[in-house]
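In the two assemblies presented below, chain A is common to both, partnered first by chain B and then by chain C.
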Partner chain A sequence: MSTIRKILAIRAVREFLRIFLAVFAALVLGFLITLAVSKQPIEAYKAFLLGPVSRFNRFGDWIEESITLILLGLAVSLAFRAKQFSLGQDGQMLMGALVSGSIALFVPLPFLLRVPLALLAAMLVGFIWGYIPGYLKAHLDANEIVSTLMLNTIALKIYDYFLIFWIKPPGAGYNASDFFPVEGKLPTFLPALPFIADLQKRFADHTNITIMLYLMIIAIVVAFFLMFRTPFGYELRTVGANIKFARYGGIDTKKTIILVFAVSGIFAGLAGAHLAMGIHTKLIANITVGLGFEGIVVAIMARNNPLFVPIAGLAYGYLRAGADVMERASDVSREMVLVIQAIIILLVTAERILPMVQQVITARRQAAAGAAEMTEGENNVV
Partner chain B sequence: MTALIEMRDIVKVYPNGVVANDRVNFSIERGEIHALVGENGAGKTTLMKILYGMEQPTSGQIFLDGKAQHFRSSHDAIAAGIGMVHQNFMLVPSFTVAENVVLGQEPTRRGFIEAKRATEITEQLAQQYGLRVEADAIVDSINVGMRQRVEILKTLYRGAQILILDEPTAVLTPQETQELFNAVHALVQQGKTVIFITHKLREVKEISDRVSVMRGGKMMGTLPTVEATREGLARMMVGRDVFLTVNKPPCKRGKRVMEVRDLSYITETGRTMLHKVSFNIYAGEILGIAGVEGNGQTELVEVLTGLRSAASGEARIGGKVVTNRTPREVRMASVAHIPEDRLTNGLALTASIDENLIVDRYFLPPYRKGLVIDYKQVESMGRELIKKFDIRTPTGKLPVNSLSGGNMQKVIVAREFSSSPELLIAAQPTRGIDVGATEFIRDQLVQKRTEGTAILLVSADLAEVMSLSDRIIVLYEGEITGVFPDASKVSEEEIGLYMLGLRRQTREEMEAYL
Partner chain C sequence: MSFDHILKAIFSALFLANILRISTPLILPALGGLVTDLAGATNIALEGIMLVAAFTGVVVSAYTKSVTAGILCGILSGVLISALLAYFYLYLKTDVFLAGIAINIMATGGTIFLLYILTGDKGNSSKLASGMAPIVHIPLIKDIPFLGTVLSGHNIFTYAAFLLTWLVAIFLYRTPLGTHLRAAGENPEAAATLGIDVKQTQLIAFLMSGFLASLGGLNLSMAYLTLFQREMTAGRGFIALAAVYLGGRKPWGTLIAAMIFGFADALSNQLASLEIPSQLVQSIPYVVTIIALVVYALQKRAQLIERTRRFQERELAKSGGGATGS
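Moving on, here comes the complex of A and B:
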């Protein structure tokens, strides 16, 4: 047993280094671009690099966003591990936000009941919003990429419809709900204990880091156990490794596929609740904007392993937060920030694709392009 | 006279510490067919990869025509006229045969690829060496035999004078094997030299001029094929006496285990692959199914194991219907299955050995404890099976694709045998694996049968069916055309007549023995 732990430890270290190096390379490249486009490249880049930790509220932004990213990364990891390419996190998140937000706003229950109910409802609706494409894939052989993207659009329309026609207070100038009452908000992650009262107040005033932080940690542990310790996890991984073998061995592959989509949806639904009840504390239009597919980046960085998702989520969240600060605090235009961000994503994920590219080149060199091989590799995601 | 190729004191230590080649000396004469034999894991592929420049030797030298060579990559080896056809083909499935042949050295004019020239080149080469291919067919649509010929053409197109064929017959049917042998003879007649890796001793006798034997990374010796006996070679390979013939105690037939009645199977495209097949399988017997491949054996096995649905008819175990049930239900009815295609069905290559061993039991105690799988139990079961079935691996945590073919098959056999089934359906249980593992698996089959398991054996190797089975039925075009209640009292020739559809028994004749 201790040897396993040792190997795991070494593996974790290696994964950490791997992500770190990719990010580092991306940062260097980003700096070169900043040099080219900014009159004060040093300041601009400093804003980018140190921005997220330079102020309390920025630190908060980073952590809040990372929580979303990590939950989404878990959702994607579960699906991709089973080679089910669900892109439905955006829709699941929207539904999670809508349902939890509605409960937070309108269900007249005390805090201790309202918040858990809202969270559970968000997870349930995520489950359902994943179950649908899973069922379509398992029983009707519908391509999951198409169906999940369509369901994203449907979710967006449902969200907008309820927000505009039912939830928005009459006469409001723009499409948003009222702020949630205190019974429907997620409380700050630090308890109001006397000896940390100061710190607690600062966090509460300047950030939206809520108890979702703890739920996220639980979610990571749950996802890990689910994937590597339970029969369902075994089924999920076996379907991902070789679905024909899974079927031959007696695994109900249809049921597994449906459950994979649905369980993945739970995590995305929870991310939706985080957006509604933690970050914004109201329902707004385009509440998930820019986040829909970010879970994929995180999952790819983490090699679909829940244990590495938090590292990847924090690192990627930091880059995003830094880019935000740079945009606001320097002369680098939003477009350029996006370019830098894109390059970073490319580099970080390309690090996963690179071995495949190498394979192609060597294969071609041997005058034997290994295209057949490429479609069979363990983790060839995207 | 100096040898064409001389490999001297080759040592190869892989980064994981495996000594795959241990001071190996190997020499090849010009124009010979040289068989290289050895059990899986003996180091044959490694030695050839070194010759082909794909692996670098840890130490040792290679001489070509007496001149020392240093191949930094297979590029250099190809330039020196060495070509290799790998165990796993490396073709681009969406390209045509001709495109694959010329890939990397496409004939061009002013920078454009000349598709027509490629086709011409391919056809001309195919003609010259008697390697029948369809130049314009998409590789995805052609069978394994033709894919292999494409691979050979590819190396010839690159100017190979020395061809290394790594276990070329492992994937071929007997007819395709014969065709390959003819092509190899044609190659040698036209001045090429061929190194032929195999572990089928019959093939060694049939095709080679000389034979070299490897065992455990060492070269055990080289001798002219005429001086070699199958028994002698087997002993060199395995390091002890090997019994190539099966010894089995007389059959003690027990109760009926499975009853198959009027089973039919029709493909999605409407072809009838099984037509009203009826037979019984009894405890303690091996029922062999003989037949030329493609006469419904695959379908029969897959219908009986729940992987395909029957069109009509049924199979029962102890009165319980098992056709058109899920594979899990069939397994729970005490049926085990060694699948024909072990790489697609039988294993998850990237998963660990342990995880491959538990696919039929992870949800049962003692492996499942409450909500979780008890991986301590899994591990200890893995250890036990690895030991009992002699799977050559340091630990069950390694992925299956780190094992050799014979050991992969042992993983399947270990799983299926250890579930203590009442009925074991074994499809091609020894195809493409080495003599040691073959002997082991055959022994295990006979032992299980003697202990009272019912066994349905399907094999393309008629000699195997004949020697293992107690009773044989012949499948021809999806129908049973003959039944032989005592396998020891019938000749290969006679069964052959039934397999080819030249003779058939009437229903009445068969009735009593099915």
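Moving on, here comes the complex of A and C:
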């Protein structure tokens, strides 16, 4: 008993337990919904829960999606950790995809220069698209939720405009670019070594898992060091904990806020490059569809800690990939995962739920103890 | 079409009527945003509330064949969603932004999910024969040449928007509850020491906000269009929030701000007939929103400077008077 108490007293364990319980509760609710609406609920839910690992290409879908989600999760974590509610990842992603895709298509450089240039440009444009709402917030106290959402729509319109009027091949009946030339595509993550040639071919044929996997790992490490091992990270966390204290402590809060938005944008821009050069290998209309707020749920599940973002990203990517499989295999639509997502956010962020549960448990225990005492007392009387 | 034609079109009665029509689904949620904002909490779930109400209204009116039932159930559903948000924010201590985001996500996903179950279609509800809110032709005014076209023949929501702006203004500035609400938003600790139940007041604000945003949503699906489309609110809930700030957090200011957005939107529709790419024209309302945020911020700063200056002058005058007195 006491060891269990001791383990529960560790904050990280409690946090983990709370998130685990929230996800579990959301999944149970999801199952209840499936039960209510589906003719073959068991089949549907099985497809949902096991789908991503049932086939090789689905496994690939899961990992590809998770890379995007993890990059977005890092972007949101940095902003939310500083209590800056930037919802601009969608726009930053679109701009990143547009710029990197254009470079991949049109800049006549060899592979070794073209891909790094495209990635850097995506990060830069993400930085700029984050700098704008950051500046508006820091210097004009403009509500960042409104400004980032407006910038998302503006980015979408800019993306559509360039795609339709400049990038799409003339005369094409659909709104998409040509496929990128080989110099502009991200290569498969496994190098072409003789002893793994078979495996490499399999991954290359069935999945789009690219070297972005390694860049993602670097991004996680960078985000972690940035947040916990640099003066900027200290300032970011102080602004998030108490902005007045940060100001009195001599931190240039305006500069910090602007940088938080902009640095967060770098990661989202990279996610856009992943969409364009890794997953689709061409620019398509609505390239970010359905990804807009997904970074938020990842960051919330990871409690805005870059080290936990990959776990949350993989877990949530799994749910999303599972929902896709479920939609194809049954009569339940994939939007159910949005409902599950909302429930996870609510349950994880509701500060009072765990204390309330604890209260109920102690109250029960006390009531039971009280009842036991009562019966003891009665026995004595008798 | 030439520029001349555009100018003529803009100053036509139809264009002005169009502004009223387009502004309505912004005015109503903006009023909702105003009430919660003054009560001290930003309701970013306006978007989700609108969506749920729009969906419920269409579905109920289709199945009961009663527009009234549709509207009433739509309002009820929106108020319930808002109450859910208030419960998480006020009683479970969830961050109001995160809870609002969650509600919006749930509304987007939930409406598409249910739409698919009911119609087998994920795009819109065209398979359901849903009702349409009545259109009002104002007697006498409708026969005046120019004014009649502008003012008469709108749906009930448009008139409700103006009426409700007036009512909200009276509520906020002429009733005890309205005063309490503003006090709770201005300084919750001070309000609490005066015996105001801050939580309860904020709860009422959220319920009102839900009511107003629901009307905005119903306007979209039962008057502006007569069907439900996935994500049909298209960011109006957020533009409404921007209107609150641009309007200086006052009811009539909010109404005017919402109509400025309506104007930008109507204008972009008109300009689309010029040889300007529609994507760029369509982004006008969003750029205007950002400019509006900046204008509001500058206004606020100017007010603050003005207030400090006046305060200093008064203090100086006082101390100056004191000096001559002694």
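Criterion: the second predicted complex is superposed on the first by the 311 of 382 C-alpha atoms of A that agree within 3 Å, B and C clash if a C-alpha of one lies under 4 Å from a C-alpha of the other, contacts with A are read in each partner's own complex, and residues count from 1 in each chain.
Operating definition for what follows: a residue touches a chain if its C-beta (ideal position, glycine included) is under 8 Å from a C-beta of that chain, and two chains touch if they have at least 3 such contacts.
Quick caveat: nothing in here was measured; it's all calculated off a predicted structure.
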First (chain B), second (chain C), both or neither touched by A:Leu151: second
Which superposed partner A:Ile128 touches (first chain B, second chain C, both, neither): neither
Which partner, chain B or chain C, touches more chain A residues: C
Partner chain in contact with A:Asp252 - chain B first, chain C second, else both or neither: first
Partner chain(s) touched by A:Ser333 [first = chain B, second = chain C, both, neither]: second
Set of chain A residues, in rising order, touched by both chain B and chain C: none
Of all residues in chain B, those that touch chain A in their complex: 54, 73-75, 78, 89-94, 103-105, 154, 158, 305, 307, 326-328, 330-332, 337, 339, 344-351, 355-356, 358-360, 362-363, 368, 371-373, 375
Sites on chain A touched by chain C in the complex: 37, 85, 87, 136, 140-143, 145-147, 149-151, 153-154, 157-158, 160-161, 164-165, 293, 296-297, 300, 333, 335-339, 341-343, 345-346, 349-353, 356
In the complex with chain A, residue positions of chain C that touch it: 42, 44, 88, 91-95, 97-99, 101-106, 108-110, 112-113, 116-117, 122, 235, 238-239, 241-242, 245, 277, 279-280, 282-283, 286-287, 289-290, 293-294, 296-298, 300-301
Parts of chain A lying in touch with chain B, wherever the complex brings them together: 225, 229-231, 233-234, 237-238, 241-242, 244-252, 363-373, 378
